[in-house]
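Same chain, two partners: subunit A is paired with subunit B first, then with subunit C.
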Partner chain A sequence: MATPKTRASSFSRNIPSTAASQVPGVKSGPNGTLFLSSGISDLDKILGGGFPLGSLVVVMEDPEAPHHMLLLRNFMSQGLVHNQPLLYASPAKDPRGFLGTLPSPVSSKDDKSLDRDSEQEKGLRIAWQYKKYFGENQQNSNSQRDNKFEYCNEFDLRKPVQRQFLSGQRIECISTQDSPDLAALHDRCASFLKQFLKTDGNISGAGRIAIQSFCAPQCTYFEQEWRVLSFIRSLRSMIRSSNAVVILSFPPSLLSLSFSKRLQHMADTLLSVRAIPDEDKDLAKLLTGYQDMIGLLSVHKVARINTQVPVILEAATFSMKLQKRKFLVLECLNQAPVDGSSGTSYATSGSCSGSSKGRSLDF
Partner chain B sequence: MDNLLDRALGLDGRSDRWPLRGKLVLVEDCVETGGAFVIHHIIKRFLSPQSSAFSNNSLILVAFSQPLSHYDRVLRKLGCNLVAQRDNNRFLFFDMLNLRFPDREDAKIGSSVLVSLFEKIYNAVCALSAENSCITIVIDDIALMEVVANGSSDSVLDFLHYCRTLTSEFDCSVVALNHGDIYSSMEKPMLMLNLEYLSNILVRAEPLATGSVVDVHGQLMVFDKGERDRQGTSGSKIHNFHFRVKENSVDFFYPGGRG
Partner chain C sequence: MAESICRALRDGALEGEHAPALTIKDSIDSPLGFDVFAHVLAQLSSHILAGKSQSRGLVLVAFTRSPSFYVNLLKERGLEVNSSRKWFHILDCYTDPHGWKDRIVGRGKVNDVTKEASGVSTLCKDVKDTDKLCSLAIELGKGFIGEGKGRFSFALDSVNEMLRYASVRSVARVLSDLRSHDLASCVFWLLHSDLLEDKVAAVFEYMSSMVASLESAVPSPNGLRISLANLSLTEQNFRRARFSVRFKRRNGRVRLMTEEISIERSGITFSSVSTDGGTMGGSILPKVQFNLQLSEKELMDRAKVVLPFEHQGDGKPIEIYDGRRSPADKNNEAAATMQMTDSSKGEIIYLRDSDDERPDSDEDPDDDLDI
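On to the complex of A and B.
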């Protein structure tokens, strides 16, 4: 399993890390930025730390699959673990119902068993005389492990979060279907973000806003493209001066191309999720581990706050897999060994015959 | 130290006058390859001590996209202190980020915002030119200006026409950033066509045809329309080269000329 590598910025500032490390769930990064975890450790690594505070994350949905919900669920659950207030907006009539599907964090007991397995695997390769050193380190890290102080947690997607856990949290929900205009949603976001205004001093806490399926057809503002863009422009401006992160998903296939491009330009971090057709023989030949993949995640843009240097990833597309059917992991795509007897070249097998999109995969 | 972009923009001469006086420079980019670094480079060259040695160079930055803290940090790494320039009245920052979200969709509200913005710019330019300043107006970016104008491209075009008059009346330079890929799907992208026609120099940032690479971030096409004379436009030049953006500078090089 190849781990995705990212290039750190060549210029890094000496930041006193004491300020941010006192706030759970916030990590300092280069160029004076602070990061929140996405809830998916692989994605944090790909993005160079997580989502920067003050940024807008846009996820482009695939109408054939609900994989964007996985990203939103992990994002929201991570916020709950760190006691970060959450504002959730969705086109459903009753958004609170979605909270019942949020995954619960894996407790430290389960973590120990996971680690012991990997430790034993490693043990096979480490010569016996060095095993004693590794044994000591393992015990130390387990005793210090506490969910709250971990920057990014593992979430068990099969186990929903407990109701008691939800009741103590500051969660606001709003349905975007009913509101005749975006003014109500805008006002809710504005009052939510007021709690997290950036000041010169240390930050007291961070907030998260998750807006699901923005511009879904059932919303009344669906046709008012400029109104929608104006809302996002204003939201982006508000978030710039707040210690919070907004994640917003929208269906680009249902909108005009230029409108979708405008939205993409407004995003700081731009991701897209794609479904994988179930029985695509060409794809199965092309990629290893195809049967375990549930979808593809592409990273189109990574936030560049306080810097002009773009983040160039070695690979922009990753496969989404459920490890042990519980944990969401992202892996680089690995090309399967080409079968010499079949005679098909790499170029022809690159297109997905089963899917309607026909986009080539980016290794 | 001159580089390929300076040469293409005409910034490599030793003249006392800012070479882009009276010109409109349009920078186009796309989602895959951002063009903001070109804007930062021009700002840095304009405000650098060599450029402002013989004239009082003053910059007006109309920002719809990023707050001052972002530009300040980026330009500082490039060797330009925006806050100090602001204290010396050599740098004016018009923060357009905090415009109110209008209660209802109304084209009139949008165009009135642009009208008052132009008034503000005009007053600033008048005041600065009274001090014999050489002025550059930077707009980041036009796509967001369209959103503020509620989609009325006529209002945006009017605004830019008025800015164009400033170039002839006060000998200002205007540098604007726009996202070309937004208009590529339209049949008649009037705003884009008009902008490209109005501009004297067009800079387009695109990704490499072969995909993204760590060493080469993209390619730049610089189209300098040259001076008009009685026979028509003459001396137009097109430059093509690759670039790599770093924190403290940008490397420009011909394809294959890396190193």
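On to the complex of A and C.
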């Protein structure tokens, strides 16, 4: 499993951590950032805690697979569990229909096993200089015992979410199909985000916006590229000053290259999903666990808002698997040593033969 | 595998999901798209008539051929259009797409359509209004069902023709509305990819759940140079093609299947083709370089490296091969060193191991074990 090596120092910031832990579903991280969970615990670990509040997450769709819907569903369900207001926009005529497909969280059975783990850890006496490595685990176990809500739930993709979560929630839906210049969507986002303006004091709550299949071909604004870009720019500025996260998915293969690049640059966190061929013997030989895989997820950019230190991931591509056909997990690709004669290297860490050209070796 | 397409269209849509949509794509190298479209149309129609399919009727939006052509086509396959049960209807966008014939004064109503076909076709006089076209098609479809429950299918003759009259967005809107309609069972359309930009073709592939593309069976001659030798190859492309289909499965994987098509007098036949091993999978994974074999160049370079015992003690300045020295220098130096070995100093005679020492075929290293 891939975990990014965050540079944890012995100095820790004196943030009043009580403030963040009072709001369920918001976690505080290094450099004073607050995180919202994506709904997928593996993705939270890869991104270093989750989606930072005030960031724009963009998912690049694959025209052949609906995996972006899985990411959106988990994101939205997590918001429902934490009672966070949600705004959902899609090109369908009736977006509310999608809410019926959100997965429901798995509960109670798992809590017992987690309690046992935390008790065992109390028996360990950890030397003071190693406490920094265990900080995250302890914080998690503490919050699990104190709060009712976990930061990130497991979602059972086969069970639809219960009615109690859907009713009485502040869920708004809007269809983007008929909006000619995105003005309606822009106004809805603005009024939604007004509830979560960032103030210097404690945060009262966090919100989530999910925009699915932005720039789908049947939408009226499909070919108005500059309108779309200015909408995204304005959305980004709105979101920077509010305690919310926007996740947006778009199909890059349907847009012109320059436009798609511009959209990608506007993202704080950039992910992409890819389909895999079915019953492909070569892939089955190359990868372990090919039968359970449904697709690939690549992380292109990780949001770093309050810091200049970039995140360098150990691996950029992960396989999406459905464990027991219910739970979405992300795993590092386990590959057999390959005859690397064809194809380009995905990670830009060059191979040895490439770097020693043209320089006189000096022993 | 054309069987699987027809089966998927026959089985139709599940509750709460969009209807399956098929794109048939061809190009100038293998222009057999319309034949495949006609085949799928005939197959689906026979399933509908036999009552085996989910849909109770088929609405065909015809842009490139007249309604009489389609009626005759179905008749040749033994499918009666004007039977007691209404199951087939044509939305005729071919005869008078702009409504000009109506406006010609003094001609009255010009009707090229045969009597047989006029019973099942509805003339559409304004194809630019895609919303009206869509609602008209849905109305016709609902007409098959009447009071009872059921669904209906749609076929679009040619996306290219429709794009002449309307924008990409409106055509995409029509197809997505048809596909997401509660009563739609399946939708399929024909596309000529050469006449469209890649982006536009990608839009229609995005909206479909199965993409069937036709490629030339024989490698086509490059450019437009048609010589006598190439002519026969080009002619073959009018009769044979490779038919590959990409199915987008529900679990998010893509299934790729290939067949060979050949068109004869008797009709169209599909035959399976021997797969030459797909290399699709390897290309999408990140390459982890762990190459245990050396390439040709790397072997040569390794042979040129001067090992320590070979160059020390010669009295020459030590230069290690770094990949840039030309072989000519090397040869000169080798000749020079030969003369220097006659000194009375001690010397190290170094013989290189052979690089590729593999055990002889009759030597079994396991023979040395005493078990």
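Keep this in mind: the second predicted complex is superposed on the first by the 283 of 363 C-alpha atoms of A that agree within 3 Å, B and C clash if a C-alpha of one lies under 4 Å from a C-alpha of the other, contacts with A are read in each partner's own complex, and residues count from 1 in each chain.
Methods note: a residue touches a chain if its C-beta (ideal position, glycine included) is under 8 Å from a C-beta of that chain, and two chains touch if they have at least 3 such contacts.
These figures come from a predicted structure and were not determined experimentally.
Shared-chain residue A:Arg274: touches subunit C; no touch with subunit B. When the shared chain is aligned, subunit B comes close enough to touch A:His265, but subunit C does not. Put subunit B and subunit C next to each other and count what each touches on subunit A; the higher total goes to C.
In the superposed pair of complexes, A:Arg158 makes contact with neither subunit B nor subunit C. In the superposition on chain A, A:Leu333 makes contact with subunit C only, not with subunit B. Touch criterion not met for A:Lys194: it reaches neither subunit B nor subunit C. In the superposition on chain A, contact is made by A:His67 with subunit C only, not with subunit B. After overlaying the two complexes on the shared chain, residue contacts for A:Pro251 are found with subunit C alone; subunit B is out of touch.
When the two structures are aligned on the shared chain, A:Ala316 is found in touch with subunit B and with subunit C. Counting contacts by the rule stated earlier, residues 256, 316 of subunit A appear in both its interface with subunit B and its interface with subunit C.
Those residues of subunit A lying in contact with subunit C across their complex are 63-67, 91-93, 97, 177, 216-220, 222-223, 251, 253-256, 274-283, 286-287, 294-296, 316-317, 322, 333, 335, 337-347, 351, 353, 356-361, 363.
Subunit B meets subunit A in the complex at residues 31-34, 36-37, 40, 64, 66-67, 69-70, 73-74, 77, 97-105, 143-144, 147-148, 150-151, 179, 181-183, 185-186, 211-214, 217, 245-248.
Looking at the complex, you find that subunit C touches subunit A at residues 16, 167-169, 172-173, 175-177, 180, 199, 202-203, 205-207, 246-249, 251-256, 277-293, 295, 298, 320, 322-324.
Interface residues of subunit A, counted against subunit B in their complex, comprise 7, 9-11, 31-32, 181, 183, 186, 224-227, 229-231, 233-234, 237, 240-241, 256-258, 261-262, 264-266, 270, 300-301, 304-310, 312-314, 316, 362.
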